[in-house]
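One chain, subunit A, appears in both complexes that follow, with subunit B as partner in the first and subunit C in the second.
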Partner chain A sequence: MTAQEGATITQAAQGLETVSITRPGFLASVARDKKAIVGIVILTILVLAAILAPLLAPYDPNNMDFEMIESPSAKHLLGTDDLGRDLLSRLIYGAQVSLFVGVSTVGISLVIGLFLGIAAGYYGGFIDTVIMRYIDLQWAFPNFIIAVYLVAVFGTGLSNVIIAITLAFIDDFARIARGMVLTIKEEQYIDAARTVGVSDFRIMWRHILPNAAAPIIVQATVSISYAILAEAGLSFLGLGVEASTPTWGLILAESRSFISRAWWLGLFPGLAIMLTVLSINFLGDALRDHLDVRETTEI
Partner chain B sequence: MALLEVKGLGLEFSSPGGTVQAVNKISYDVEPGEIVAVVGESGSGKTAAALSILGLVPQPPGKIVAGEISFDGQNLLDLSEDEMRRIRGRRIAMVFQEPMTSLNPLLTIGRQLTEAMRLHLGLGKAAANDRAVELMNMVGISDPQRRLGQYPHHFSGGMRQRVMIAMVLSCEPELIIADEPTTALDVTIQAQILSLMQDLTEKLGVAMVIITHNLGVVARYADRVNVMYAGRIVEHGTAVELYRNPAHPYTIGLLNSVPRLDRPRGSPLEPIPGNPPDLTALGRGCAFMPRCRFATPACGEATPDLQDVGGSHVAACWELEKIRSGKAA
Partner chain C sequence: MSAYLIRRLLGAVVVMWAVATLVFFMLRMVPGDPFLAMVFDTGDPAAADDMRRAFGLDKPMYVQYLKYLQQVLQGNFGNSIYGSGIPVSQIIAEAFPRTMSLTLLGFFMALIIAIPAGLISALKKHTAIDHGVTVVAFLGLSMPDFWLAILLIIVFAAQLHWLPAIGYVALDQGFWPWFSHLIMPAIAIGTPFAAIIARMIRSSMLEVLKADYVQVARSKGLKHSYLIFMHAMPNALIPVITVMGIALALLMAGAVVVENVFAIKGLGRVLIQGILNRDYPVVQGAILVVSVIFVLANILVDMMYTVIDPRIRYQ
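The block that comes next holds the complex of A and B.
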């Protein structure tokens, strides 16, 4: 899509046909932002790798071999681990779990956290007390304890890892959202919207949330990297996915025994996580800038 | 029948320092198409009284303890939140003091201007947009189609207030409440905005309550005036009656403390001594007594009721006779 098309679509969405001031669409403003382009390219590669893993991976990720702890070579582009498994194949398959955990935990906790935080901040009083005391309660327990508890009750598995990490993130989003709502709801344009007869839901959704977006987006992008690492931590403790499942975090955690002999085992999964986080941060920055109308509109 | 009748309205706020009697048994009415001013200094309860008409006083800490607000024969205090929402913007609209902050910075002017119309009148996008263009023309904003796509930060204060006026007029309400609509504007813009509001309300037959502390505004634009002090209405009358013949010592003090063209140049302004009273600790006497130069010990005994001064003119003071004869002398 070109910049022009992006702008046209935005205008059409606003029902304003002949507007000479242009507010570029998100894709159009991304196209002008080099960092955002880098982010999109990296993320696209990673997502494609995850989806096309069976086609791309040169070996079965769990196929063991006697070529153990071999440094990168033409046969094994990124080397092999202590069981002779091909690291590149494991990283490609690992992208599936890691990206899924990162995006799903942040996605779910973002929705729930925003809902709780906005409701608490907007209505105040009793609703605020109930929600925020729950959040405090959750803060009082280390997240790993909650994870251990969940796993003890429901057994190990990816879904429980996702639930545990999601729970841990909800309070971050709820707190940030509540704080922002408390500030924004005192603004006169909220009163003005109310005098026009706008409903509570619409005020929260259309008038408050967009004004609270910047810090929430930043928190969300940072949280995705935490989620990928948290999955590694839980799996390493035996509370997450099975040890044979390739995930970036798990590969990284296992590499620590061989750190002096096999640099590639630590470097490449670490790079994969770093690139993911970096690209998501770039995208988050672009989104934040795009939402700031002062930066994106021109007369 | 009056369009709006506020009868014995009492509003309290509970605060850690005690209960604040923000509005104390005030009554006034507004006829269709009329401009009524509510005058008073900061903290006199004028804004709180106006917000309670729209049901926008946060409760708690606020609490309406007495009275009724009847709009077109209906007591607004009995209505549910849903019913109030249908009245707000549609039949009663409000203009705020601060145009710089009363528009959402992230939404286009067009979207904010059409929101009420789409909500209340059920207009489609195109129809609402057409009407928005018409309204922008009406309030004197040039190139409306282009301006509708812009954001609030592209507009100056006066322009934003014009947008706010277009917004309140969009659903053709019967009553507009304007809370110090020009206080935050440059002096040069104030008169423009007020004349615009006067013209448009006259043309469309909309009644208006102007809340202000600017007596110049009152003199020029209001038909009738209510003077508020410490949560009570202390004097009420037509603008002419009030200016020609102020009866309450507070009103007299207010008029003496602003420069006027009809007094000799160089004559000193007389400020009202003291400060407004603490609303958490009002005694049983007249609230203005500590600052009043006509006060007698009897003033501290009981709060005076509004008494006829002639015509529709009423004032709440124990010493009305003395003041009138004193002025005559």
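The block that comes next holds the complex of A and C.
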């Protein structure tokens, strides 16, 4: 673990020198990045589609009729599935699930991971040992495998999938936060704050967290794309959300019996996942370049 | 070095014990009683009691736990409770070589694609080739492996009939039957890894090309190809070793999903089928074996650093 730990700390230290998300011109420089623009445009469209799904979707996503396995046409722009359901409508509603799972899981695991990482790094000693033992245990396994293990225990369904993915991502954030805290803790302004009697909580919240923000933001962005892939993978395996919910992974799983005669069922749901993940990766990459954070991803 | 190795192995034992314990207690928290589910057809509670006795589930929890640890240490994971009731260790012993074949082939496929792509991308910096490699790498990283698997099946099995769509043939049945069944799943799991490696090699090659020793070699008139292949490339490949652990994680996680697309009865399919069938001994066994692989592989990767880059020393 020493090598890994060392790497995290150097990484954190490098992040520190250049960090400043409030730096003048930061947003402007990101906005000039071609990758960032493409990413933001696609993401905006997806978010709007998810929010406006009831208005945009031409049909009810679960409405079946007798036009089964029809190829794309003017009536059904992306064709229909084996139960005569409109694929476009199902994909638009699927965006809701993907984005919701991606953002909620990363949001919650970010908060828990930051809390654990900052507490471990700041207090050290016994608290650090206990937290890091757990984090190291989780670090030995890929996030997706952990999510599969947890779904095996909790069972399937949207809330269990969210819990499983959330827990699976905690170690990434805890590690980065701890590494940052260990570096920042030694700075004189922290000593100064402590000397004048600023509370531990306020030091962590007001002084350490903002300075640790850059690598954490980059990791969070990348994690959202992995969380979306994880949800799609779980749904595809039949370990995801309820079968009645249209999700991209589930639509792909259902399409497998028909792929030889219905290419659209195999193509479009995958394209939807790829475009979403791609746009987030573009954005993450642009943020990484402009915040000058080195690669921090696990898987 | 050997002291470090011993410490790592002891650490690995502790991790394995923690995983085994977590798996034991968490699987017993699972809602729904698999034994009741199994005898649901007959609706006979007495039969369920008999089965619980047969599997030792009527004993107190700590007795079950100790017996479980003892059995696991002997490589005994119990019998599958779904279907035929064959020993889990036998199921895993059959699945293991399939997953290993797939993972290793995926690894080599990825390197074969990624190393030239990354090097060319660096040597032709900011040209159309470089941009092309970058775009393909981003696509590869963003594409779900199971979707790529489906696309490959549509094109190469359903349309062109070049390759078998599903299944697995052991290597001792001949190279081509083995290879033709594994090539598509190997590409599916190797693609995200290839994307990461190609981008890493590009940036490390660019750094190496700026290094003093490359400038010196160039100024003393060394042949360009000799300079690239003998001086720059070996050093540019070192960082790749550092992501080997991540590589294994990516490939194994990919195998868990992709084995299910291609109906390859490897560890991933065994695990997922076990979960879907609520076959807890199988789930337990598969989780433990997959975990052992990860823990040992992490140690192996750390050991490899010292072989490849002698400047790294572990205390």
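Definition applied: the second predicted complex is superposed on the first by the 170 of 299 C-alpha atoms of A that agree within 3 Å, B and C clash if a C-alpha of one lies under 4 Å from a C-alpha of the other, contacts with A are read in each partner's own complex, and residues count from 1 in each chain.
Note that a residue touches a chain if its C-beta (ideal position, glycine included) is under 8 Å from a C-beta of that chain, and two chains touch if they have at least 3 such contacts.
None of these values were measured; they are calculated from a predicted model.
Shared-chain residue A:P142: touches subunit C; no touch with subunit B. Note on subunit A: of its two partners subunit C and subunit B, the one contacting more of its residues is C. Of the two partner chains, neither subunit B nor subunit C is touched by A:P54. In the three-chain superposition model, subunit A touches both subunit B and subunit C at residues 297, 299. The touching residues of subunit B, counted against subunit A in their complex, run 54, 56, 60, 85-90, 93-94, 96-98, 101-108, 110-111, 114-116, 119-120, 125-126, 128-129, 145-146, 148-151, 153-154, 164, 167.
Taken together, the subunit A residues at the contact with subunit C in this complex read 2-3, 7, 136-137, 140-145, 148-149, 151-153, 155, 225, 229, 232-233, 236-239, 249, 252, 255-256, 259-260, 263, 266-267, 269-270, 273-275, 277-278, 281-282, 285, 295, 297-299. By the touch rule above, subunit C contacts subunit A in their complex via residues 15, 18-19, 23, 26-27, 29-32, 138-139, 141-148, 150-151, 153-154, 158, 200, 242, 246, 249-250, 252-253, 256-257, 260-261, 271-272, 274-276, 283, 287, 290-291, 294-295, 298, 302, 305, 312, 314.
Put simply, subunit A touches subunit B in their complex at residues 11, 14-16, 18-21, 23, 125, 187-189, 191-199, 206-207, 210-211, 291, 293-294, 297, 299.
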